[in-house]
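Note that the chains take the letters A, B, C and D in the order they are written out, and that residue 1 is the start of every chain.
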Amino acid sequence: MYSAKTMSKDLIIETNALTKSYGPHVALDQLNLEVQRGATGLLGPNGAGKSTFFKTILGLIQATSGEGYVLGHDIRTEGLEIRSKIGYMPEYDALDDDMDAIHQVRYSGELLGMNPVVAMSRAHTAMEYVGLGELRYRPISSFSTGMKQATKLACAIIHDPELIIADEPSNGLDADSRQAMLDTLSNMVNTGNRSVLMASHLMDDVERVCENIVLLHKGKLAAQGRIEDLKAIDREIEIHVWGMANELEQALGKDGLEVRREGRMMRIRHDDEKTTHRILKCAADTGAQIRRMHEYEASLEDLFIVIMERFGYGVKSSEDLLASPAEARKVDAPESMGGSGA
Amino acid sequence: MIPDLAQEGAAVEKEWVPESQAPVVMFNNVGKTYGRYQAIGGISLALSGGVTGILGLNGAGKSTLFKLLMGKLRPTQGEVRLFGTNPWKNPAPYARVGYVPENENMHDWMTAFEFVSTFARLHGLTRDEAKNEAERVLEFVGLSDVMHKKIGRYSKGMRQRAKIAHALVNDPDLIILDEPLQGCDPLARTTIMNVIRELGRMGRTVLLSSHILSEIERITEQIVILHQGRLLAIGNLHAIREQLDNIPHTIEIECDDAKALARDVLNLEVVHGLQFPSSSKLKIFTHHLGEFHQRLPKIIVDNEHNVMAINNPDDDLQSILKYLTGGVR
Amino acid sequence: MTEEPTFDASAPITGKGRMDTAWGSDSADQATVAKPKAKTGQVFEQVYVPWEGTLNPRWMRNWAIFRHHVLGIIRKGHRPWGVPTKLVLIFVLIASMTDVALTLLFAVIGEPSLYELWGVGRNNLYAHVLGFFPRNMLFYPLVAALLVGGVISEDRSNGTSALYFSRPINRFDYVGMKFLAVATIQSLIIIGTLFLYYFADILSMGRGWAWILDTFPMFLTTVFCALLLIITYTSIGLALSSVSRGKFFPGIALLAVLLGTKTLAAIVEGLFDRSILYLLSPYDSLAHVGQALIGTNVMYNHPWIWSLVSVIAINAVSLYVLSVRVSSMEVTRE
Amino acid sequence: MSKKERGETIWTSLDRKATAIAEFTMRQYRTRLSTWVVLGVGFLAISVVLLFYIDAMNTEIEAIDNDGDSVDWDGDGYVNGQEFKYGTDPLDIDSHPGLLDPSIEPEPASMYINEDDYDWDYSDASLISTGYDDDGDCRESQLLPSAQDGNSDGTPCNIILIYNAATDTYLIYADPNVDEDPDEDRYGKEAQHRAFILGVGKLGFVFLLSIFIPLFLATGLIRDEMTSGTMQYMTAKPIARGEIFLYRMLGYLAIVWPYLLVVCSILAIVSGFMGPGDQFFRFADLGVWFSILIAALLATLVYGMLFASLGVLWKYGIILALPIAAWELGMALLSMSVPDSSFLRMSIVGWSMSIIDSAAYLVWPDMDMFTAAGAWAGGSGEASIFFGTGNALPGYRALEWAQSDIGLGMGPYATTIVSMVVLLCQAAFFWFIGQLIFKSKEIV
């Protein structure tokens, strides 16, 4: 879905050497970002600083140094203005389980300064838009994860914000609700002409909604730009084999083809025109069924792994996967007195 | 009775009859209702050996199924058997089970090593045995370099792996993983998938639930499909697909000369329809996918066709779920 | 993953069925959705409706927070106070009206000596607000504990603090409105019943202006003492709520502070005949101030000004803790 | 994997699980700030009382002239006491010991304050003739022998102590001017010391600490894990839920009991050294302290079981716990005033306090006599005045407040044993109920 071509050159988010540190731990390190109108994906492994970045540009936490502008407002001084103009959809559940969905959305509108009547009518509109029209009077506790996410989105868009910031919008959703969520987001960009900044670690999501990406790693900017520009050009052919996979793999190897195999799926380096033919020939010889065969377009996921590996981010070295230290994850909750609630 | 053939839309794979007299996991007409809401309704199922993926949308009843199995919930109807015993109020069979709950909360204040070794001791291991055991399983899941750090500092993937490690102590025969890949970034997902595949290779019975279909596809082909608390299908992914014979399979082939290829393919009796979306694309409708694919490469190679891509849009988990839930019968 | 939505012409596409398949409902009625006719993943008409209105200023946002909490006691659709909380509120409200009921009852019976026992007077006004047993041992601290218990900490554990702080609401307003809302609910119970009691007396005995002029200052002083009590309990409770994560910790801690310091001071007085430790006890300080202002027997040995200073100091410390904690409150779910 | 070597009895494996969960719980509590805050505040509260005690022990109690013989009514330079002793007329300026032969120098007034302290050993007997007229104002006075024997027991200038079994009180029949001016400091310190031990033991340890610490620490023992979902890990292991409940409780006790031991020891040591008396350390009091410790340990055990069960029973178990705590406060006050009330049998605090009372009875068998003496106050106390409180000796009122009789109507040993057994049974009962509920709880 790369249909959104409503790009204009003006920037909605701009940061200049933005730094945020929690004690010795640097969550955001000299970040220079330019986010344009339209849909942008913010990528990074768990703990790369995505959430911190969001909180900083919302003016919820004070940046240690550097400056940033959101929709032309200074993040250090004009937090209130920024927050009236954007819609923020947090990563975690941010709903009161015991309320009915429509009231939760209405209240979130009232908190923006809408009067109750307007908020109620907008809540209906927003619920309808995210596809929960029929379910709006049900208590949130009876909702599935997908419905909760949609309710959160409805809360975020009730005042028709210029920019929607969505933190992991498809986290924990099954295929269909994920599809619906992503469709809604891209619909907002394409027909609603709003901007979306979404963080995710599901590459597929970002690919489906966004045309630009920002890749963060340990608080540093790892890559930024259009997805198509960033993609690697390693060409491979992917086949799905059914039966005789081992034999086929051997045969292909004997034939001089480079094979990577993961279960039923194999990827073969696309050397020249003849490759597909050679594959089919091997299949015919071994009697393996090739259920699918197509050119494999490097996905963002591969790109991600490639870029992360460039940072020395091997899959097995778990030291690297250590998220930010505890003080960054929950800044003010030093095993707080409410330990009893833990 | 196991599995229930009367289940609507259920497809049964013959090889799945368990070898031993008591299947590892058995559900007999199990139902679970919360108030007036039915989480699971009349599921009959028996599983033994191998990696099995439990597929379903959110709220299909996957977690409920696992919790019934672990004696955390009491079935409102039917009987649950774990190694032939009823797990409700009876923790004895858990000695052979490792369970990884979906819950993201963990004991953040412990190190992974403490976490795993403490819970290993609940299997009756001594302190030293538990320590060795913890080191072994943490090494197995690839956390040995950070196992002395607080779990609170771990990323989601590492937390999942620590949970898996805690379930692996004492070498369980059955490992139950509830949404082990949820919320993990690609690196962590890859690692966890490797761990699960490894377990399957070691001959353990692994049950794993997910709603992301491509994930399961990368791990296993044995699947159970749940929808709205009902068992929709059980068995091998492809076997299930082939049982749905009344739906024509569609195969898309991209080649230089579609018409020429069509002529060669037409002779096969399993082909009952052809379509040309464009000059270089051929859509083939067939009743018998396996047989068709068996012969397809030979036809292509023998007739020197130049094929760029073969696509089988119906043969993935997602479309199967769609057929099953979409009421196509 | 290109998907062609397949439309089954015969299938009635209801929103419910469609949503349940799309979002994976987990509590839909079995009968409705067991065999959804519509295929999943179907894209339905989505029209983005822009909104041209302007947002109201700060006071409106604050009013929304206040309304949300106060109305939640009686109406659905606002803050869902727990069922136990509501039950306790009703119970305490009824229990606080015993003196109203007795006043009316004895007025009907017309026995003056009994009436003197229950009618409006310094001691009875004092007892309505500040009497230790049972009002300040069981009722009012429990009400404060239950109201205050989750009011901030639940936002932290539900993650709903993000709902406030990702909107143009600053932390001072957030806490201030919660404080006001909780204090208002308590006032409805404590001061509301006090008013009822006073007016029940006027009505039942047909009091004249002279009596009213005579007792009104005393009554106003009692109202003032009640306000002081409510503010003190609320600020201690909110401070405890802001430092903790659990739902119940602030509640128990408030009760522990109120009753624990009282018990401790009672031990020291019993053993060593020193009443100075009562300054540490919020209840006793309030009671002392109340005794001095309303004019009942003073039961403490130290000057009442000390108690007043102690009340102010307790409030100051609590509000300081509260402000520090809330200004550093992280917008996340804990 | 050392599966083969693990062929031991079921007990060793149970023991392994027990220590594992107990250690786990201990560590969990150790890492929580709230634990330390609760324990710290508890310690602080107790030490505030201790500070007042230390202050009281270091303050000289002002000596009061109970019999009023330090004044000089006639202004002849000889105080009344000296005149009484020598039989001169205290109202006549021309009659004083200086006129006697040999002439006697006037003695300072201070000699006649606290000059005739109690000489009894407060021993426990039904009829004892005791007392000695230290200052001689009975023996030496010019009273007739019959008047010197005011209590008509045949011996002049003595006191008889009679135990009245019907009212369970001691009666003091004193000859005039015998032991009439007791030493306030000596009596008051001893009384305050005993009152402190009993008061802090009963209300401080058995009530304040033993209710609030379990309320904070035990209510969430199972419930918190269930709400956060971490109970999933533990219940997936081959261990019965009842065991989990029990071992979690062990872990909680492993935090609370040592804490109580430490606090109790600190108080015992400080009060042992600070306490009144000639001895270097009051070893005898350790018996009472030990009983306080035992009572507090059992109380925290029972309350812990009770509150943890309530937590399992209902999400809002804490709301159920609060009325119970209020009931226990009422019972605590009741047991100090009416120790034989049958209501106390329906409480936890009542049984715990009777352990302390029994120990106090054993260590201080003279307690009843001692309080009676404080009330008598050399004849000027409340025993001698019909209405009103009179002026009992300092410390008497505190002691009277803090001490109470053994309410069960059994001997001290029997009471202790019965109380402990009852408390243990209560704990077992609450555990049984708790694990029963826990076992049939569905963990979502």
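Of note:
Throughout what follows, a contact is a pair of C-beta atoms (placed from the backbone, for glycine too) under 8 Å apart; a residue touches a chain by one contact, two chains touch by 3 or more.
All figures in this text were calculated on a predicted structure; none of them were measured in a lab.
Ranked by number of C-beta pairs in contact, the top chain pair is A-C.
Among the chains in view, C has its Cα centre nearest the centre of the complete protein Cα set.
A centroid comparison over C-alpha atoms places B as the chain most distant from chain C.
Distance between chain A and chain B, defined via averaged C-alpha coordinates, is recorded as 25 Å. Inter-chain spacing, taken between the CA centroids of chain C and chain D, is 39 Å. Chain centres here are Cα averages; for chain B and chain D they lie 67 Å apart. Touching of two or more other chains is recorded for residues 31-32, 34, 216, 219-220, 224, 228 of chain D.
Within chain B, contacts with two or more other chains are made by residues 37, 57-59, 109, 211, 318, 321. Multi-chain contact residues of chain C (touching two or more other chains) are listed as 21, 23-27, 40-41, 244, 246, 248-249, 253.
Chain C meets chain D in the complex at residues 82, 84, 88, 137-138, 142, 146, 244, 246, 248-249, 251-253, 255-256, 259-260, 263-264, 266-268, 270-274, 277. Touching chain D in their complex are the following residues of chain B: 67, 70-74, 89, 91-95, 97-99, 101, 103, 105-107, 109-110, 114, 118-119, 121-127, 129-130, 132-133, 136, 163, 166-167, 171.
The touching residues of chain D, when paired with chain C in their complex, are 34, 41, 45, 48-49, 52-53, 55-56, 192, 195-196, 199-200, 203-204, 207-208, 212, 215-216, 219-220, 224, 316, 318-319, 322-323, 326, 329, 397-398, 401-402.
Put simply, chain D touches chain B in their complex at residues 1-3, 6, 13, 16-17, 19-21, 23-24, 27-28, 31-32, 228-230, 232-241, 439-440, 442-444. By the touch criterion given at the top, residues 44-47, 142, 144-146, 168, 171-177, 201, 203, 239-240, 242, 262-265, 273, 276-277, 280-281, 283-284, 287-295, 301, 304-305, 308, 313, 315-319, 321-323, 325-326, 329, 335, 342 of chain A touch chain B in their complex.
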